[in-house]
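Common to both upcoming complexes is subunit A, partnered first by subunit B, then by subunit C.
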Partner chain A sequence: MSDGETLTSSEYIRHHLQNLTYGQHADGSWGLAHNAEDLAEMGFWSINLDSMAFAIGLGLLFMWLFRKVAKSATADVPGGLQNFVEWVVEFIDDSVRGSFSGKNPLVAPLALTIFVWIALMNTMDLVPVDYLPFVAGQLGVGHLKIVPSTDPNVTFAMALSVFFLVLFYSVKMKGFGGFIGELTLHPFGKWGMPFNLFLEGVNLLSKPVSLALRLFGNMYAGEMIFILIALLPWYAQWTLSLPWAIFHILIVLLQAFIFMTLTIVYLDMAHHVEDHH
Partner chain B sequence: MESALLYIAGAIMMGLGALGAAVGIGVLGGRFLEGAARQPELIPMLRTQFFIVMGLTDAVPMIAVGIAMYVLFAVA
Partner chain C sequence: MNINLTLFGQTISFFLFVWFCMKFVWPPIMQALEERKAKIADGLAAADRGKHEQELAEKRAKDLLVEAKREAAEIIANANKRANEIVEESKGDARTEGERIVVAARAEIDKERNQAREELRAQVVSLALAGAEKVLGREINATEHNDYLTKMSAQL
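For the complex of A and B:
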């Protein structure tokens, strides 16, 4: 617990679930939120500094690492790092070739970025819950959430970016009329247009929502369980946190993989010009 | 009284989530084994698909457990 004084367990949990948020206070001044009331006053126009910092930092780490390996790649016997990066790239390449049928040079790099970035952000979950918040507390930072993907803002931002790409390529490949036609003429022909629009609209809008909520929910639940384990006495924690961390490695990679796969599938559907009805 | 309701809510969330996912993953795993027994050469491809669908199914109870834990320990 970061600040010496004794907290009840629900205060401890709430403290760990609050982001470091910058926004406008009720009295008009700008600053950091210190508790849940501050957070509620700030409302929409606030920014979670910790999520932004960790997400951008991990994105830069990914780009730096992969660029460094690509620059120094050799045709000789590759080192361990180059082997690893080649393995990741080939894995993504296989996945994209397997489920994307159109021609688009954007999709594979997008899939690689999404997979590695989400995997890195999720991996922050495996850092014990009190290490970095304790250090930050000693430096005078009250709240710190180190897993960006437990912040719905981050997951929704990624899902909306994918959604806009889907809209963009739908319009580009099928034309505006084709896209509208796909939304309105699909199951029941032109006389069932409002009903078609309702069905297809729900189908379209559920994609980004489910994409974002699935990642957020899984990571939030995992983080929540780590926090609960951290409430146990220190000598007993490893009996639960070790098995959960090992199981969580599966979830971390699986969720990154699912987000990537669904992105590819949605973009593939956007590229698919249907002419059989 | 209210906290008792919250405990029951958490229990229902975890229980029903686990129930649905258990049936789902059971059916999924059974079919995976059937497919693998029939065509063992397809196992790598089937395994990938199996993990994708398992991740989709597994998400629901995991989210339910997380929210239930939050309700039980932070709200109640």
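For the complex of A and C:
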């Protein structure tokens, strides 16, 4: 740990877990948050510059790469990059065909975006924890979290977007009455309406919450372990960080895949008009 | 760890990315994939067709080969026959020619013999005349006795 002399372990950890947040201080001036108290003062009306920058940057990288292939895509023998992109696209297409029974041109591109974007954001976890924050520190930026998916704002934003789409398509496919009916008329028929609504409401609301918290929890925990490993003496770190990083490659892709698959499944449920109730 | 405006910022960028992906990324790639699928199917069908055609061509080639062999055998047989005929013809021609040469030679020989005989006869006549001259001691007038001489030489 490079600046271990000036920081205690807990300060080091806390430092690594704080976003670069821009907002209004208690005295009315606008600026970056320097510590947890600043963050508390800023409240909701502030923005995590690092999460936004890395998420959008990775999103743009994804768009640029795939757009490049899409523009030059031919039916002839594909090159290396086109091959890779086609492999990803076919993988997503297979997943969507396997889980989604309706017909909606949005679902497959949505699944592709979710999968690749989350995978890219998660992959930032494999960059050694001190590299970019150290460079940022040299440039005068006090805090930097480079893994956007360890920021609950990011995961909740995606999960709520998916949730919004689920609500939208539920109403669109089943009609408003149909959707309300689905929420209130079973499992116990019309006499158990309040209880039905409670059960179905929990069921419905748990979808975005579990979606967001699963991804956030996994990535946050993974990042935390990398930070803890970084507290070891420099010559011993690799004994733990190497196996954890290798294992983490699996988590990176697995979490992206789970998020994507559940999105497809939820949207499929939203499209599914049940006629036996 | 606190929820703030990042939530909205992320939501907006998320929808923009999804929109972009749906509009500009997914369709061309899927189209290329579909096209390639069709192309591969066409290629496989063409390969099957080609294989079938090759089988047919091989069969036809075999047939042609058999036919050609048969024709070749026929031609060789004909040629042999013709060669024999030519040999026979030549033999015949040679025999005729030989006979003709022999006949001509014979005629020549006869002719030369006759000529020699004529010469001998003439010499004998002149010798006889000379002998007679000596015997008679006087010159015989050849013109006066020409008739007699001619008769005598014809008897020789």
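Observations
Everything that follows uses one rule, which is that the second predicted complex is superposed on the first by the 269 of 277 C-alpha atoms of A that agree within 3 Å, B and C clash if a C-alpha of one lies under 4 Å from a C-alpha of the other, contacts with A are read in each partner's own complex, and residues count from 1 in each chain.
Going forward, contacts are C-beta pairs under 8 Å (C-beta built on N, C-alpha and C of every residue); 3 or more make two chains touch, one makes a residue touch a chain.
Values in this document were obtained by computation on a predicted structure and should not be read as measured data.
With subunit A as the common reference, the superposed partners subunit B and subunit C fit together side by side. Once the two complexes are laid over each other on the shared chain, residue contacts for A:W117 go to subunit C alone; subunit B is not touched. Contact with subunit B, but none with subunit C, is seen for A:Q255 once the two complexes are overlaid on the shared chain.
Shared-chain residue A:A221: touches subunit B; no touch with subunit C. Contacts of A:L17 after superposition on the shared chain: both subunit B and subunit C are touched.
In the superposition on chain A, A:S149 makes contact with neither subunit B nor subunit C.
More residues of subunit A are in touch with C than with the other of subunit B and subunit C. With both structures placed on the common chain, the touch criterion links A:S9 to subunit B but leaves subunit C unconnected. In the superposed model, A:V89 makes contact with subunit C only, not with subunit B.
Superposition on chain A places subunit B within reach of subunit C only down to 13 Å, the least C-alpha distance between them. Under the contact criterion defined above, the residues of subunit A that touch both subunit B in one complex and subunit C in the other are 17. Put simply, subunit A touches subunit B in their complex at residues 9-10, 13-14, 17, 213-214, 217-218, 220-225, 228, 251, 254-255, 257-258, 261.
Those residues of subunit A whose C-beta lies close enough to touch subunit C in the complex are 17, 19, 21, 23, 39-40, 42-48, 51-52, 55-56, 59, 62-63, 66-67, 69-71, 73-76, 78, 85-86, 89-90, 93, 105-106, 108-110, 112-113, 117, 151-154, 156-158, 160-161. The touching residues of subunit B, counted against subunit A in their complex, run 51-52, 54-56, 58-59, 62-63, 65-67, 69-70, 73-75. Within the complex formed with subunit A, the residues of subunit C that make contact are 1-11, 13-15, 17-18, 20-22, 24-33, 35-36, 38-39.
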